Every structure is written in C-alpha cells, then in structure tokens.
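Notes for the one structure printed next.
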Amino acid sequence: MQPISHENASPRVRAVFDDIKKTRGVEDVNNFWKYLANEPRMLAHTWASLKDVMGSGSLDPLTKELVYLAVSITNDCAYCKASHGAQARARGASEEMLAELYSVVALANMTNRLAMAYDVPVDEALKGE
Amino acid sequence: MQPISHENASPRVRAVFDDIKKTRGVEDVNNFWKYLANEPRMLAHTWASLKDVMGSGSLDPLTKELVYLAVSITNDCAYCKASHGAQARARGASEEMLAELYSVVALANMTNRLAMAYDVPVDEALKGE
Amino acid sequence: MQPISHENASPRVRAVFDDIKKTRGVEDVNNFWKYLANEPRMLAHTWASLKDVMGSGSLDPLTKELVYLAVSITNDCAYCKASHGAQARARGASEEMLAELYSVVALANMTNRLAMAYDVPVDEALKGE
Amino acid sequence: MQPISHENASPRVRAVFDDIKKTRGVEDVNNFWKYLANEPRMLAHTWASLKDVMGSGSLDPLTKELVYLAVSITNDCAYCKASHGAQARARGASEEMLAELYSVVALANMTNRLAMAYDVPVDEALKGE
Amino acid sequence: MQPISHENASPRVRAVFDDIKKTRGVEDVNNFWKYLANEPRMLAHTWASLKDVMGSGSLDPLTKELVYLAVSITNDCAYCKASHGAQARARGASEEMLAELYSVVALANMTNRLAMAYDVPVDEALKGE
Amino acid sequence: MQPISHENASPRVRAVFDDIKKTRGVEDVNNFWKYLANEPRMLAHTWASLKDVMGSGSLDPLTKELVYLAVSITNDCAYCKASHGAQARARGASEEMLAELYSVVALANMTNRLAMAYDVPVDEALKGE
C-alpha cells in the first residue's frame, strides 16, 4: 500500500494530520501516519489513544517512551525501534541510558525464558494483587 | 525439575542464595532462584547480571522494573509478571501507574503490528543514530 | 543455503515443483519452494498440507488467506507478508479490505496484551466449548 | 488489580459499560472490560476502536472474528482465545470451520519459520504493491 | 472442542491413531492427537511430517527433541514443553542436560534482543552461505 | 549507537575483547561485541555467561549451537541466524543437517500453535517431572 500525503488526504485524514503536527510542533507527519491513513478510522483511533495515554498521566513521558521502546525491541519492529528511539532521545534519554535499557530488555527476555523453561510456580507471597 | 532449597544446596549455590538474601534483605529466595539452582553456572551468571544492571546506573530502579514488566507482559510470562509487578510496587509504583503502563504496552503492541503490516519505511529524519 | 531450480532438482523435488505449477497454473514456483527444496521431505509435506488445507473446505479460500496474512504480520515474516498479501489480492481482497485487516490484527495484538497484563480470568459464560 | 463492577464504576466508566451492553445486547460486560476499567482512558479508547473497526466495514464480521482468533492463538492469549472463539461461534462459525482455522494458523506458523530460516528473498513478482 | 477417542473416531482417524500407536509402541495416543482428530486432514499431515522428519535423518533423534523443546520454551507452549520434555528424557536426556539446555535457550533469547536492540549489522565474514 | 573498536575501547572493554579473541582464536571480535561494548557491564556478563555455558558441559557444543540457532529462527533475529549458522557450520553441521534443523523448527512452531489452539490439557503420564 502507498502512503497518503497531505495533498492527497481526505478532509477527515487531513484533520488528524493537522492535529498531530500542531500537538508535536512538526512540519510534517512521519511515514507511519501516512501509511495508516489508508484506514482513516484506525488513523483517528490510534492518534486519539496515543495523544491521550502518552500525554500527561501518572508516569512521566520519558518512562513511557522507554517502555514503548522495550516492547518494540522485544517484537523487533524496525520502524518502531527507530521512531521511539528518536522520541526517547528527544525527551532526554542519553546514549548511556539507552544502552542500559537494552541490557534490561535482554535480561528480561533471558529470565522470562528461564521461568518458562522450569515452569516456576508463583510464590505465595507474590500472589493476590 | 524440582526446586533446590537452602538445605539441599551445594556450597556454590548456597553462596549465591546468601548474596541474594543479603542484597535484597529477604529471609529466603524466591522460587525462581530455587529452580535455577539446578544449573549452578546459570544461577551465578543470572544473579551477577541482575545485581549489576538492575542496581545503580543511569536509569532509576523503578524505570528499570517497569521496563522489565513491559517485556514480561509482551512475552506473557506468568511468573515474571507476578514477580516484577511486586518489585515495581515495592519500588513505588502505584496501581494507577501500573494501569497506565499496561496501556502503553498495549498501544506499543498495536502500533508495532501496524508498522509491520504496512511495512512502513523508516523516515530519513529517524535514521543515523 | 542456495535455492534449487528446476534444472538442478532431483526427480522427487521436480515432481513437487510440477504439481505446484499445475495446481496454481504458474510457469515457475516461487523462491519459497526453491529454498525448501534443500529438504525434499519437508518440501513434499509442506506442499501436501497446504494444497489440502488451503484448498476447498468449510472456510472460503479468501478467508484462509486473510488468516494466513494475519499470522504473518503478527510474526513479522517479510516474505510471508509479501506472498500472502499477493495471494489475498489474487483471491479478491481489495486495498480497503487489507487495510481493515491490518486494523483488526493491530487491535487483536493490543487487547491480547491488555488481557495478559491484567491476567483477566475467563468468564464462566465463555468456558466449556 | 481488581475488576471494577458497575456499582463501583465512575460515571465515565459506567457510560462505556452502558454502551457496550446496549451495542452487544448483553446484561453485563465481560471481565475484560471490568479489569480495563482501572484505566478509564484506555477503556474508552479500546471500546471506541473495537466498536468502529469490528463493526461494519469491507470485511464481514465473521472474517474479522476469525482473524482476531488467529492472532490470539499465535500469541497464546488464553482469555482472548476463549472470548473470540465464543464470538466467532456466535457469528456463525461451526466447529468444523474453527478446526480448519486452527490448521491454517498452524501451517502459517510453520511456513513463517521456514521462510525465516532460509531467509528467502522476496520474488520480484511479489514486490511493489 | 472435545477430544476424539478411538471408539468415536472415523476409520480415517483410526488409521492414523493405529499408526502412531504402532510406530511409538504405545497403548493409546496422547491428548494432542485426540484433539487434532477434529481436523482429520491436519491430523494425517502432522503425523506424516513428524514421523518422517523426526525419524532417521542427518541429526540424531535426541538433538531433534532438544531443538523441539527449545522452540516450545521460546513460545511458552505448556503442552509442548511437557510432551517434548518427556520425549527428550525418553531418548536419553539427563536432568543436567535439560538444565543446560534451558540456559542455552535463555542466553539465546537474551543475545537475540541485544542484537535487535543495537540493530547490529551482519559482519562481512558471516555473509554468503 | 555506534560500534566501539579496539582502539577506542576502555581498558575494561579491551580486556573482554582480548579474552574473546584468545578463547575463539580470532583476529578481531564480531560486530555484536563492538556494539555491546556501549554497555561495558553487559558486555562482560554476556561474554562470561556464553563462555561458560557454551563451553564444556553435558551437551556437546554442536547441539548447543543448533539449539541457539533454533531459538534465533523462531525469534527471526537476522544477525543471530547469520552468526549461529556460521558457528554451527564451524562445529561440523552439514547443509543437510541445517536443512533438517529448519524442518524441526518449523514443525515445532506448527504443533505449538495446534496445541495452543485446541488448549490441549497435559496428559497425566506427561506430568510430574
């Protein structure tokens, strides 16, 4: 499928594009949004969810970007790693922080498989929350 | 495979158990470590890595636990979700923060698949770091 | 490993290639089959299973291709996304249908992680089938 | 985290619960929604997306449920398999159709790994859409 | 879906059950086959592939069971871990060997995510086979 | 992030590089280690674990490489497939053995999803180890 640029966008798509640009203070939207514009409903829902949940809340914005990046690494989504790596840097992540994040993600994947391999039963003290 | 308790542990395993208990200030180690003791080399390496990387560094300890939990949710590791959910709470995560984390993890998995489905090419501006 | 062309194929491999070409009405088999020919047993089993299950049955052929594509997106298999995207189009899927499929796949991955994160217990009414 | 019932729900959560019940013609919402109510924003976004995308569109509702189920099997989400299996049956899927779906999902996971193992390059004829 | 026992099986299913019993020297087939019998085509194809590929070949049978188990751990398939753990033990795997296998699987998952996180380019010397 | 060469490495990183080169009898370390050197702690832990677990033990080195490769295929880690494919060949794997391995990995991913789809309960005889 081909990306949809601002000029070729329907009014409905254009309204989402404009809100992304205004909210993020950017001149143009990323490729992700241009491709997603092939499904205007999903474009609108995805942007509405991200704007809301990734905006202010009980976790700070950088923590949320780091969590996003951790999931993207685990799924090996090339676009997502590039996009959320850039956003994490923009929100203050240093190279040292990212390298440490990579270690945590790798260790989590390692101990996940150890727990799965041994079928470790959940300790009583860890239950019930 | 069966878990190995402190009494049945070899001196090598016991030394790791003792260090975990001392470092974490707990009376006994969790099931995870007792099962992993079936492979004393891996027990030692896993503890050494976690103690080092999850200890002080450029990311704060709570952020690291949240990243760990995000990976465990994505892999659906039951033991890991229970264990790192508890550790995140112990380090100050509120229920509100965890619920927001779950949303970020879910949104990341959603947009990951959208980027994969459309095979979105990485924007020039996102390359090169 | 290198692909095996018709000329270099053993009679056993050639027989499978011929059946694929005849069944699908194509001049040559796709790269997938040429690589898989390195393991003639698996080539034969894979083709036999696909021919049988993807052929007539209780689900219509287009639905089966869409399901195949959904799995390939979730696993992010580049070759499989290209191949089954093409087959879905060949069986009548419009661009609009594919874009809607991508949304469903993305939403499924999102809600899967929400159910995993909250460890939602299965409702009584959903059990027992 | 604990599920939130209708009585304990905030007006914002209650409005979503009411819309789910009305749209689906059910007496009470499933556990999934009661747990998700711990994050009212995500509850609202998830329901809005599902209602819109899983409703009328270019793919028929049963096909969309089957795609949803295929993703849930690939991710092995226990709750999701139960929930979307039930919804597929409610929309007309016979046991025979579901058993055939399971075969397609299994074959897709098999050929996905074969394509990944051999790193099969995409055929020229499959490119460019 | 419900399992299909020998008594309730069609002649086609019964023939596969009989061949499994004879080939493996067991009194009854495992649950896996009884459930899969809901799709007689897939039952026949799965058994034919496994009998052929897991039988004699260029890799010894124990190695193949260990590989099977490694994949099942990575996918966290509870049934498959139990079934192929038992088969690996039946073919000579000691508890020590299995514990070492678990370590290799865990390390592979760890380094996989490190390579994915850093997007490590393939070394020239590793290319071209 | 950029790779760190021997010249630019800190003494701590250089010591690990030197031990890799000596242990493996190679002139230079692979890209994987040069990128990982951005996190000197993780570099040291990863190498220590791999050197220990992938060295002598109860499983022979080739079996361990094949297991490593099987996990890397299941995760579709491009770098890891190239690297551990090369190491498997270096330890004696023939092309025929690798092609058979690919079949086993594919069949495991297929039967994993069948067991997940039918939610097959574990047979009594398979429990309790």
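Quick notes on this structure:
For reference, chains read A, B, C, D, E and F in written order, and residue numbers begin at 1 within each chain.
Convention: contacts are C-beta pairs under 8 Å (C-beta built on N, C-alpha and C of every residue); 3 or more make two chains touch, one makes a residue touch a chain.
If you're wondering where the values come from, they're calculated on a predicted model, not measured in any experiment.
Chains making contact with subunit A as well as with subunit D: B, C, E, F. Of all chains, the one whose Cα centroid sits at the greatest distance from that of subunit A is E.
Rounded to the nearest 5, the angle that brings the Cα atoms of subunit B onto subunit E is 120°. Although subunit D and subunit E carry the same sequence, what matters here is overlap: shared residue numbers make up under half of all numbers found at their interface. Chain centres were defined as the mean of their Cα atoms; on that basis the chain farthest from subunit B turns out to be C. Here the CA centre of subunit E is 20 Å from the CA centre of subunit F. Taking the mean of the C-alpha atoms as each chain's centre, subunit A and subunit C sit 28 Å apart. Separating the centre of subunit A from that of subunit E, both taken as means of CA atoms, is a distance of 34 Å. Within subunit A, the positions touching two or more other chains are listed as 1, 38, 41-42, 46, 49, 53, 74-78, 100-103, 105-107, 109-112, 114, 116, 118, 129.
Put simply, subunit D touches subunit A in their complex at residues 1, 41-42, 45, 48-49, 52-53, 129. Across the interface of their complex, subunit F is touched by residues 1, 38-39, 41-42, 46, 75-77 of subunit C. By the touch criterion given at the top, residues 1, 30-32, 35-36, 38, 42, 46, 49-50, 53-54, 57-59, 63-64, 66-68, 70-72, 74-75, 77-80, 82-86, 89, 94, 96-97, 100-101, 103-105, 107-112, 114-116, 118, 120-123, 125-127, 129 of subunit B touch subunit A in their complex. Partner subunit C is touched in their complex by these residues of subunit F: 76, 95, 98-100, 102-103, 106.
Those residues of subunit E whose C-beta lies close enough to touch subunit A in the complex are 73-74, 76, 78, 81, 101-103, 105-107, 109-114, 116-119.
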